[in-house]
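Take a look at the following structure, please.
So that you can tell them apart, the chains are marked A, B, C, D and E in the order they are listed, and the count of residues begins at 1 in each.
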Amino acid sequence: MNRIVRFASSDRLLPLVGVFGLIAIWYIGYWSRIVDPVLLPPPHAALKALWNGFTGGRLLYDFWQTVIRTFAATAVAGIIAIPLGIVLGSSERIYRSVEFVVDFFRSTPASALFPLFLVIFGVGNATKIYVASFGAALVILFNVAYGVMNARKTRILAARVMGASRWRVMKDVILMESLPQTFVGLRNGVSLALVIVVVAEMFIGSVDGLGFRVFEAQQLFDMPDMYAAIFAAGALGYGLNILFLMIEKSFVHWSGK
Amino acid sequence: MNRIVRFASSDRLLPLVGVFGLIAIWYIGYWSRIVDPVLLPPPHAALKALWNGFTGGRLLYDFWQTVIRTFAATAVAGIIAIPLGIVLGSSERIYRSVEFVVDFFRSTPASALFPLFLVIFGVGNATKIYVASFGAALVILFNVAYGVMNARKTRILAARVMGASRWRVMKDVILMESLPQTFVGLRNGVSLALVIVVVAEMFIGSVDGLGFRVFEAQQLFDMPDMYAAIFAAGALGYGLNILFLMIEKSFVHWSGK
Amino acid sequence: DKVRVGVFPVSSSLPLFVGIEKGFFKDQNIEIEATRLIGGPPNVAAMIGNQIDASSVLVTIEGMNANLKKPGVAMYISVNSQNAKYEMEQFVVRKGLTIKSLADLKGKKIMSAPGPANVSMARAALLAAGLKEGEFQLDQLDMGQHVNAMKAGTFDAGYTLEPNATMMKKLGVATTFEAGVIARTVLGNPNANAWVGGCAITTEFVKSRPEVAKRFTAGWGQAVKFINEHPDEARKYLLKNTLTPDDIVDTVPLVKFVMVSDLTQKDVADFQTFIDFSTKTGVLPEKVDVSKYLQKF
Amino acid sequence: MNALASVGSYRTLYGPDDAPTPHITVRGLSKTFQGVVIYDNFNLDIPRGRFTSVFGPNGCGKSTLINLIAGLIPVDKGEVLFGGKTLAQTRIGYVFQNYREALFPWMTAFANVEYALTLRKVPAKQAKERVNALVERLGVKIDLTRYPYEMSGGQQQLVSIMRALVVEPEVLFLDEPFSALDYEMTLFMRDQLQRVFEETGTTMVLVSHDLEEAVYLADYVLLLSRRPAKIADFPLVPMARPRHPSTLSDPDFVELKGRCLETFQREVRKS
Amino acid sequence: MNALASVGSYRTLYGPDDAPTPHITVRGLSKTFQGVVIYDNFNLDIPRGRFTSVFGPNGCGKSTLINLIAGLIPVDKGEVLFGGKTLAQTRIGYVFQNYREALFPWMTAFANVEYALTLRKVPAKQAKERVNALVERLGVKIDLTRYPYEMSGGQQQLVSIMRALVVEPEVLFLDEPFSALDYEMTLFMRDQLQRVFEETGTTMVLVSHDLEEAVYLADYVLLLSRRPAKIADFPLVPMARPRHPSTLSDPDFVELKGRCLETFQREVRKS
C-alpha cells in the first residue's frame, strides 16, 4: 500500500529507468545475436504483437478469459474459505487439528494436483477454476483463520464490558478485526489463482486464455505473439495485485494504522 | 516459528485429527463410488505405493532429484539475489527504479516464462534449475532489499554515534538487520523453487524428479503411484518449509523479539 | 443426438473435423459436443469417468492400458496407421550434422516426444539399430519445445512427431533421415502398417445408446472415406482446428485412416504385434487381446 | 459489620461515620494464574461516588483486581457486589490503557461512542441525541466524524472515556488511561477527567503507575503490596476540589505523597 | 564574553563566578524541517561536569537539539564546539529512548558493550578487560552473556548506558532513557544513573518528559519554549547530592519544580 502511494507521489519516473534498462538489455541480446533472432525477436516486434493482439487481435479475448477464470476461482475460494476460516479461527483447537492438512496442501505444488482434480471434477472449464480455487482457498483460509485468532484481545474485552453478547462480539469485533488479514489472503489468493489458471490453460488443454495463447504461439512458433502473451500475463498479475491493494486500502482503511 | 513450537509442545495429537478426517473422507469417496475407483484408488493403495516407492522403488530417487534441483535453484537464487538485494536496498532511489520490473516479473506466472528460458538456456537440466532460480531470486531480492531498507534507524544511529564508518554500519548493522527478512525470503524462495521445479519436470520433459513421476504415472494410468508422488511432493514442500523455519530460528535467533 | 467427444487437436483427429465441417454427422442426426483435451490421460480419465463418449484420437497403447484398468473403456471404431509413407513419427537430425542412419547417433544427444510410450519406442529403435544403452543420451521434451530445441542446437537429433518435423524442414533447422520408425522397429518393415492411434468410444456409450453409437461410427466412416478420396481438400480443415501453422498445412503428412470394419486379418495381427511389443518393453503391464477392443457395427 | 469485611475497608481506617457508603464490596476474593497466587481471600470496599486510585508494585495485580471486579476475568473464589447488586445488574464503564487497541478503528469516533448505546438497545435516534448531549456537557472540541487513527492519542483516549461514560455507568474503571500519552496531554487529560468526575459524581476506580497522578486525582489511594496482594494502606486525600497544578506544591499533598512513596518502597523491598 | 553568547548561557542567570565553565557551546544554530523552523539562531552553553536536564513542550525540539549537538543530524547553520574542540575530536556517548531498537539483538549484552570499544580500535583483550572493569565499577549484577531480548527493560537500558560509558565519553546524551520502563524500574535506574554521574563526573545531558525526574537528577534544568525553541528558563537545582526519594518532599525542591511547571504551562499556553 505504502509502495503504491510512494510510487504515485514521488519520483514518478523512476520505474521507467528499470523498464528502459530491461528493454536495452533485450536489444543488446537481440543485436549481439547471442540468441537466435527467430527465438528472441526484438522488443518492438513483441510490443507490436501485443498492440495488435489487444486492438482487434485475439489476445484481448484470451486476456478476458483468463481474467474471468481467475476472478471466478477467487470468488469460489473466498465463498468457501472465508466462512470456514472464521469457524476454524474462532477455536484454536479446531484450527490446530486441521492446520497440518492445510499446510500440507499449501506446500503441495498445485500443478501436481491437476491429475487429481481432473479425476474428480472432470475435464471441463470448471476444473481449471476449481483447481485454482483450491489453491487460493487454502491461502485465504489460512489468513482468515489467523486474522480471527489474532483479533486484538483488548477490543474483544471492550465490547464485552459494554455488554455485547458472544454473537455480537463475533460479528462486530472479531469479524472486523480479521478483515485486514482476510484482504491480505484475498490478494495472495488471486495471485495464486492466476498462476494456477495460466498453468492449467497451458498444460491441461483449453481453447482460450493467456496460458493457451502462450502454448499455441509456441506450437505455431510465433515468437512475438508468445512474448506478447507472456507480457500480458505479467501485466495482469501486476494489475490484479494493484487492484486488490486499492480495494484493500479503501475497504479496510484502518489497516496498519 | 511460533506454530512449530506450539505444534511440538502441546496438543501433539491434534494434527492427527485432520489427517484422519482427510483419510476418512477419501475412504467415503472411494466406497461410495462417486468417483470411479480406477481413478480414485483407496488410501491404502496409495500409501502402499508410497511405501514401496520409498523402499526400493524409484520414487526415492525421483524425490532426491527434485530435492537436489530445488536446493540448487535456491542456492543460485540466493547467490545472485542476496548481494543484489543489499545493493538495491541500500539506496531507495535505485530500488524504486527497478521495483516495477521486479514486481512485474514476480507477478508473471513462472510457467509462462518457461518458453523464454528454454530459448535462452536451452532445454537441459540446467534450464529447470535456472527458471526456478529466477522465480526464487525475485522473491529473495525483494525481501532482502526490504530488509535493508527497513533496517531500524535507531541501530544505525547508535553505531554512527559510536564512531562506526559507513562500511562498518553496512556490515555490522544493516546486514545483520536485514537477516531475518532475508531468511523469510529464502523460505518463500525455496517453496516457489519447488513449485517451479515440479511444474518444469511435469511439463517440459525430464527423465526423473517428482514432477516426472506424477507425469509418467498419469501417462501409464497408474493411479496409486501418481497419488504417492503427489504426496511425496506435498511432504517435500512441507518439510522444506519446516527445515527453513528451523534454520531461521537458530540462525536469526533474535528475529521477532 | 448429442455425442460428447474429447478432441486432441492434432492431425490424427482430422476425421472429426471433416465430419463436422462437411456435415457427415449432421446427416446422421448427430450433434457433436467437443471438449478440447490435450493428451491421452485426460481423454482416458474422461472416458473412465463417463464425461465423454468418444475420443477423437487415442494412442492405442494408452487405450489398451486403460482397458487393462477398466475393460472396455476404449473401444476402437477406427484406427490410424503410420509408416514410411504415412509419416508421423520420425527421427530428425539438426542441420549441419551428417547422419544417415540411426547407428550414426552414437554419442549424440537425442530428444524424444514425451511420455513413456514415445520414449520406449525411440529407445527400442536405437537399440534395434545396434546402439547400446549408455551410448546415447535420450531426454523427453514437451512437443512445443522441439522446434526451439533444434533451432537452439540443444540436441543433435530427435524422435519427433508431425507437424514439428515439417516445420523444422520448412525453417531449415533439421531434416528427417528415418521415418516409419515404429513400422520398421516393431514390424520389421518401414512400409507395414503400425496401428498407433485411433478413434475410441466407450462401452458405456455402446451399451446405453447402441443406435447412436452406430450412427456416430457411420458418420466417422464417411469422413474417413472423404479424407482418403480428397486428401488435399481435407487437410484444409487442419488449419482452424489444430495447431498447424498455415504455411505448412499443404505439406504436412497425414496418417492413414482405416475403419475397424475394413481391417484385414493381417492388419489385426500387426496391431496385436504392436501392442505386444509395448508389453515386452514394460510400457504395458500385461498382455492384451486387441481383438476384444475393436468395435464393429 | 463483621471483622472479615472490615479488613479491606477504607472505613476502618478513617472511621465509619464521615466515610461514604461502600459501592463495591469484594469478599474472600481468590485468583491464581498458572500456580501463582495473585489474590488470596482478599477483601475490599470501594466508596460510592468517590475517586479511588490503585497504586502498587509492578505486576502485583492492579489490573487483575479491576478486571476481576469488572468481570473481564472470572474469579476463582469470592464474591463482588455493587451496592448489593450483581455485576449483571450494574452498568459499568471501562477505559483501557491502550486506547489504540480499545477503540474500533473501523468506526468513526462518533460511531464508537454510539456503539456502547447500541449494545444497550437504545434506539438509533435517541442514541445520537445522547452522544450529542454528552459532547455538549463535556465541552469536547473534537471532530467526531473522524476515525480514531486520524486523531491524536489524547483525543482517542477522550473518545474512549466518552464511550465508557455515555451509558451513564454507575462505576467507571480506568486502567492506566494516560500512560501512553505525552506530558502535556497527560496534564490536560487529568483535568478533563477531574471535571467529568465532578460533574457526574460517578464512582471511579483508577489504576495508575504514576504516584503523583494517583494522589492528585484521588479521594482515596489504595496501596497494594506485592503478590499475593494485600492492602498496604488506603489513605484519604483531603485536598479540596477542584485541584490545580498548584495543589502539587501543597505541603499536605507533598507529605501524603511522600508517605505513599515510602509505603510503596517498603513494599517493593520486602521481596 | 559577547552579548550573543550570553543569551543562551546558564552563566548570565547565575553569575559567571560560581558557575562551572561551559563544555558545549552552541552558537547561531538554525534548523528547519520541511519548512518548519525548529531552531533559529539558537545559542546555548552546557556546563562541564554537570548534569543538565532538558524539558519542554512536546515536539518543541528537545531530541532535535541533542541530535544536532551529537551530530546525528546535520545543522542548517551555526556551530557546536566541545570546549573548543570539534565533534570529531570528542568522544561522546548517546543513550536512546528505545533501548529495544538501540541495542544489537544479534550480540550478547557483553558483546554489545565491547562493540563500542571495537569501533574505537581497542584490541580485543584490552576491550574485554575494560568492559569487565566497568561492570565492576558500576556494580552491575546482570548476566552479560545473555542476549538483550532475554533481559528486562531496565537491564537492557543499563546495558545501553554501559555501552555509552565504556568508551569514557566526555559528554553523555540521554534521550528520555527511562520513559519505556515501569515505575519501580525507573526509580531504580534514576539512582543508578546518579551514581554513574557522581562516580565519573561526565558531562551529562538528559532529555526527559517527566518534570520530577528532570529536576531530581539535574544540576541545571534547561526549559525550552514552543517552536521555534528558545530558552524559557535555565535554573540551577541547588539540592545536595546524592539525592534520595526524600529530596522529592524537600520544600526547595517542590518549589523549584512548581516554578518549572508554571514556566512550562505558560509556554504551552502561549501557542
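The working rule: a residue touches a chain if its C-beta (ideal position, glycine included) is under 8 Å from a C-beta of that chain, and two chains touch if they have at least 3 such contacts.
Small disclaimer: the values here were computed from a predicted structure and weren't measured.
Counting steps between touching chains, the shortest path from subunit D to subunit E takes 1.
Common partners of subunit A and subunit C, by the touch rule above, are B. If you tally contacting C-beta pairs for each pair of chains, A-B comes out on top. Between the Cα centres of subunit A and subunit E there is a gap of 52 Å.
Distance between subunit A and subunit B, defined via averaged C-alpha coordinates, is recorded as 17 Å. Subunit E has its Cα centroid 49 Å from the Cα centroid of subunit B. Residue positions 35, 39, 115, 119, 203, 218 of subunit A each touch two or more of the other chains. Within subunit C, contacts with two or more other chains are made by residues 41, 45, 49, 144-145, 148, 152.
In subunit D, no residue reaches two or more other chains under the touch definition. The list of touching chain pairs reads A-B, A-C, A-D, B-C, B-E, D-E. If you check the complex, the residues on subunit A that touch subunit C are 35-36, 38-39, 115, 118-119, 122-124, 203-207, 215-216, 218-222. Put simply, subunit B touches subunit A in their complex at residues 3, 6-7, 11, 14-19, 21-22, 35, 39-40, 93, 96-113, 115-116, 119-120, 191, 194-195, 198-199, 202-203, 210-211, 214, 218, 223, 226-227, 229-230, 233-238, 240-241. Chain contact summary for the complex, subunit C toward subunit B: residues 40-41, 44-45, 48-50, 62, 65-66, 69-70, 111, 114-117, 138-142, 144-145, 148-149, 152-155, 283. Touching subunit A in their complex are the following residues of subunit D: 70-72, 92-94, 96, 98, 101-106, 115-116, 119-120, 147-149, 163, 167.
Contact residues of subunit A toward subunit D in the complex are 152-155, 157-164, 168, 172-173, 176, 179, 252-254, 257.
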